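You will see chain A twice below: alongside chain B first, and alongside chain C after that.
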Partner chain A sequence: MNSEESKVESRPVFKCSSFINANKPANKKRAWKSLKQIISTERSLPWPEDHIHYSSINAPPSFLPAEKFSDLSGLPAPYTDPQTRLRFANKEEYSTLLTLPMDITAGYLALRGASSIVG
Partner chain B sequence: MDVIEFQDVKCVPDVVHTYTDDLNSIPIVIDNGSYYCRAGWSTSEEPLLIFKNLIAKPRKERSKKDTNEVIQAPPLQVGNDIINIEAVRFQLKTQFDRNVVTHFEAQEHLFDYTFSHLGIDTDKCIPHPIVMTEPYLNPNSSRQLMSELLFECYNVPSICYGIDSLFAYNFSQSEPSNDALIISMGYHTIHVIPIIDNETNFENTRRINTGGFHVISFLHRILQLKYPAHTNAITLSRAEELLHSICSIATDYREELKRWNDVDYYEKNIKKIQLPYSVASTSSTLTAEQQKERKKELARRLTEINARRRGERLAEDEEKLVKLQEIYELWEVHNDAEEFEYALGENGFESSDELEKSINLLKMRIKKTKQKILAANSAEELPEEPPNKQQKLNKIVFENEKAMHSYVQNAKKLRQDILSKKLSRKQKKQDMAKRRTAAGQERMRIISQLARKEKGNDDFGMRDEDWDIYKTISRDGGDSDSEAENEKLLELEEVIKTYDPTDDADSLAPAEAYQLHIGIEMYRAPELLFKPYMIGSGEAGLSEVIGYVLKLFSPEDQLKLAGNVIITGTLSQLPGLKKRILTDLISIRPFHSITNVTIMPNASLAPWHGAKAFSNTEICKNFSITKRDYEELGGDYLKHHIASNWYTPTPKEQLVEVDN
Partner chain C sequence: MEGNKRGRLDSKQHHDRKLYLSKRPRGGSPGPSSSKRKECSNALVLDNGGFTIKIGYSKDNNITVLPNHIMKAKSERKRFFIADQIEDCRDLSGLYYLTPHDHGYISKFDVQKNVWDYTFNKFPADDMPVIVTQPIFNFKHIQEYMDEIFFEEYDVKTLYRTNSTDLTYYQYITTKKGQHTSCIIVDSGYSFTHIVPYVNGKKYTNGIIRMDIGGKLLTNYLKDILSYRQLHVMEETYVINQLKEDTCYMALDFKKEMQTAKTTNDIVKNYVLPDFHNIRRGYVHEGEVDSQLAENFQILRINNERISVPEVLMKPSIIPGIEQAGLAQCIAKSIAKCPTKYRQQMADNIILVGGNTNFPGFKERVETETRMFLPSHHRMTVFKPEEPIKYSVLGGKSFSKDPQFRSMCVKKHEYEEHGSNYTYKKFNEFVEIEEEPPKKTEEAPFSYLDHWKKEGVDIFQKNVMKEDPSPDVQFILEGDDIEQYDGKYVTIEFEYEKKQPPKVEIPPPPIKPPDISQLKVIKKKMIVPNSPLVLNSNATVVRASDLQPIRAPTKVYRPVFRTKPENQKITQIISINGATPMTSGPLIIPSTSGGKTVSLGSAQLLNNAVIIPQNMFGSKNLTLQFRPIFMQGNNIIITKKQ
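Right, the complex of A and B next:
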């Protein structure tokens, strides 16, 4: 293959020419193992009891109640618009909120991670 | 208030350093972070290379795929070769997945870049020991691939791995104390690492999966949503610049919010950021006067063309008339029948009647044309000026300023009324279209009631008001934006424009229209580190995790740890961080117990300097993995030292035997 030859030529001198990364997935479509895959493989192995691996030091879930902030301004938000589910702090914000197009309201919800219907 | 402009710092391509003889077997120190990579010799004062761990791989063009010619691979840009990151944003790749290296093809490119820019030109090997950082609790498989790459592709003699923050803590400062609580703030993660009696306590370390990257993306997104018109001008690199230039951490976020709620405080402290813009140079450069001139000129040219055409036609017709009259004369005067018949046939006439008819027709046409020319000439002398609307409006004369003012106010009020009416109509329409809203449900209720009416006593339609029900349930909610209203609106706007030109919101100076006003956002974005729930993460925030980690220890150890909290990582440069952590810490510690928070000096480069200092000690030589170790003890093998991870060999996967 022509392209391969040119690739070899452009190799820096210090590299071992025979090295081909054996772990490179043969199928070009498939990428390298993601961290998620690596972690789940790691977890499934029969480690000794006291072993600590990557996923065992994840931060605990928050025990404090999540404060509610206005999606628009970031001020403490006592209200939620039932239509868009956006939080707002005062009536001025509500009137701007009414004029917002769908993509912006959806963007705010997605940013807060509240775009799922179930949540 | 000064307006801040974006610097838009561009990367400067790295020079290739010279490879001298005295560098023989000198270790190479690499701090391989998920944002920056810093590399240099263990003898160099500062890292020789600092670049973002990124490659940009332009895609091959599809159309060229099938040609048999030598495929010119598009140039791969690595690290600081990428001058403008935003230009190749969608082609960027990094070897990192969160804080762990997973994509070793990209890592190979970045090693190529590192080693070649260090000037190494030895044949088929890198004859230098490598001292390199790896993530906290790096998965064995990742280390195995890294060792494989370095030993087999680059033929390095030995590698020594260590954790960046531990290198920084243990070796970049002169006298590290035996106990510390290290807070390592990285690009993807924050680690809270307790160290007791010089031993890293892996068991009680906690990692928050929120870091600088999340803060930058959060800021980027809130600004984009706040200024939808400038979505494309607000780039990630600019958000990053803002984070480093104006953002800071509030000591008490609630208090800060309260202050910003005050209008005066807001006006005083708001930061105005200028986006680059160019003044649109379109027809607006022509004044109204010039446009009028131009129109006149065009009209004049048109009438000229018309006049010329008429003249030509007149001449043509007259010529033809003369000819026909000659023929006619042949008959009338000379009575030359034969000649006359011949002439008739030649000109396509059948009889003398027809000839007479066409002569009359020509005469009429000539007369008409002459009249038209006359009319056109007179019109040119008195060009008609169409009455201008604005002039008509100007005719209203006000007694005084006050009267005019009230008139304009009235017009504005009317306009506002129409606008709000329109808005509420739009809202109602939206409500109607959705099923869950009160309006929508009311509509459904009426419809079902209508359908349910008993057939027996159907008197629907007897009264005219009955039909109004259809107006109520139509999706428009009964009334829509009427034509008359729109016209009225236009008229009012015209009036307001005439008497109060300052009113127009569009007349904002272009520079001002391209400004970002950043208020709470400068505290809101970094606050994410303490409240990851702001982006929907369920994890606890930084202060909470610190408290959590401390609680895992005995009261004596807690005292030791809280007495020496050390913050490292580039994010620690955020102003206000130290005060915030100290405040939060004091609030959870027993009354009058000792708490100390230090930010590591030169936090961004401290891991590299630590690793460099480490590479010059005896420990480094003893704890390096040689190629022989790698071959005999497995790819993931690690010798642990004070700044390293803990090594547990990967257990062999046991075959699960199924019991019958």
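Right, the complex of A and C next:
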């Protein structure tokens, strides 16, 4: 009983119970914003200085240096071939590495994200 | 009759009392009179993950896991497979995923709507309350659409939208520990890994950390390296994901295991790939591969990939371009961000949930590595539930029986009345705990120099100046207060009054100056001449809080401080944060921290404003000391060093 009464009270008098919103189209087609757009809009909003949101909870960068792994086998690689810039773990790998054509070495470098000349 | 009565009684108590009652077995058989209550207490819990939807009713024990995708197979080009319809598909090679989620946030609602339609057909919500999850710090834009879809299209009567970690937390504290336990939840899912500290029963926003490493990234990485080393599998996300789940494990000692991987070892496994005629799901082939098997099926030889792929979670730098710290470091960092008095308890309650925690050895690895980053006096326990993927739904189920649950929901008519801003406010209550002020003296490393200075030992035969510990007093002067002028200086007179008179009144000793922190300025006078005056000694100290920054301190702009009466002119900056700027040339502000003098950039002096370089603004208690020219009859805000 109580809950029903409170419901009736909270409903304003001017609202007709049979009211149907005419603005609501049945099948509306919408262009959804992409995540990039959402993030950039969020960034551009005037947040207070110490407000915490999506961009501010990123994990901090690591203090440890990145480990090096062989491009061919994935084993820990202490060596780098100065010619191709490929990393390798032992001499067998090096001998196979010497036989590789240019496009394959470039592919390996691209996989590691080291294909740019600068880096 | 009696059974029914008792059932009703129980329901009443259930609403009045606290949590543990909700788990009590119900007395009496559910008769017709208790059917209404039964309807109320049932709820639909939907954990809307990036890879799978976890769904279940609070009444029964089942939790169903459905893929949260629409999939297209190469064999049946015209058909879309929604969620678990994929089980009908025979050839799963080259499966193409249409995912509603982009980096863990729903961005394609048209796809998501289809999956939800399918899901709610299987699991009708009817009039029950619906609990749905969203990622932490979900964007407002997305939340609005979710409201719209749930209230307007699905016509849900009652909705509760929350983070899955909240439900995990609830389940943990109700089943394992008492209320208000502080803990840290590591939710490592498909799109990202969140580390969420809970302090005193609430999320502690300052400590939340997101690592952009999840199961998707690991699968893609495995695909990459396998494609280069052995077989082109870039199209076979589905198969490689299964391969990852079947073979990968978290190495306890990565370096050692890598050394064993170099030689012949136990780590190597032969994985037979499915051909979708004879084998539907790939499997690990134990023992030697004979020629017949090798001829008929494609076999991948998995060696160090088994450990190097999950290792990405611990050392994200394995993948080029990701510069985030590893999971253990992030956990330690997150604990360190929280108030000191809760840290011990948090280290004692580390909870691992999410799909990635299913890697064998994950818990042990997190334990050992986090141990290294935590202070040695902290006791540490890691808890991993039996089913880490479904744990949050379990939490949602028990939460729906909580007496407080009803009040936290938003009803449909409330949404219609107040709109989505109301729901946004209601579902995003982040409460932060006030950090206690750091204790300076006790934690600082002991130094004989400081000690002697405090004692007054004059080791360098100089008079060591004792620092004045009295704080600044700030007050506002009005033009009418100006009465006297002795020709050279602005003189400021004020009287003190006890702020809170102590019960036993002790008159201050006559020689010592009064303790200023206990006093309040009640009367102030300032003497300023009618003509403009250069204040050339006793320079005024103005704190940063007294000056109004006219631009928000962002990366682009440098903060500008303007004096409050605009016609108060600044002629010379005497010091900024206690350091004196060079007088000639541009105003270079040196920093004297660490004994070295480093230039921090130049401050620009305008007529009535000072522009401070960005890096000087980092500290909040910026003290700016400058020489002003006073104009006639204005309100001047001055902070006077006593």
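The rule is simple: the second predicted complex is superposed on the first by the 82 of 119 C-alpha atoms of A that agree within 3 Å, B and C clash if a C-alpha of one lies under 4 Å from a C-alpha of the other, contacts with A are read in each partner's own complex, and residues count from 1 in each chain.
Going forward, a residue touches a chain if its C-beta (ideal position, glycine included) is under 8 Å from a C-beta of that chain, and two chains touch if they have at least 3 such contacts.
Computed from a prediction, not measured in an experiment: that's the story for all the values here.
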Residue contacts on chain A - larger count, chain B or chain C: B
Partner chain(s) touched by A:Q83 [first = chain B, second = chain C, both, neither]: first
First (chain B), second (chain C), both or neither touched by A:L98: first
Contacts of A:E49 with chain B and chain C, given as first, second, both or neither: second
Chain B and chain C contact sites that coincide on chain A, given as residue numbers: 7, 24, 32-35, 38-39, 41-42, 46, 52-54, 57-64, 66-67, 69, 72-76, 107-108, 111-114
Residues of chain A that touch chain C when the two form their complex: 7, 10-11, 24, 30, 32-35, 38-39, 41-42, 46, 49, 52-54, 57-67, 69, 72-76, 89-90, 107-108, 111-114
Residues of chain A that touch chain B when the two form their complex: 2-3, 6-7, 12-17, 19, 21-24, 31-36, 38-39, 41-42, 45-48, 50-54, 56-64, 66-67, 69, 72-76, 83, 98-99, 104, 107-108, 111-114
Residues of chain B that touch chain A when the two form their complex: 70-71, 73, 97-98, 100, 102-105, 108, 112, 115-116, 120-126, 136-142, 145, 148-149, 152-155, 191, 202-203, 205-209, 218, 221-222, 224-226, 228, 254, 257, 260-261, 423, 427, 431, 434, 437, 520-521, 524, 531-541, 544-545, 548, 646, 648, 650-651, 653-654
Touch list for chain C against partner chain A, complex: 102-103, 105, 107-110, 136-137, 139-142, 145, 152, 205-206, 208-212, 224-225, 228-229, 255, 258-259, 261-262, 303-305, 308, 315-318, 320-321, 323-326, 329-330, 333, 413, 417, 430, 552-553
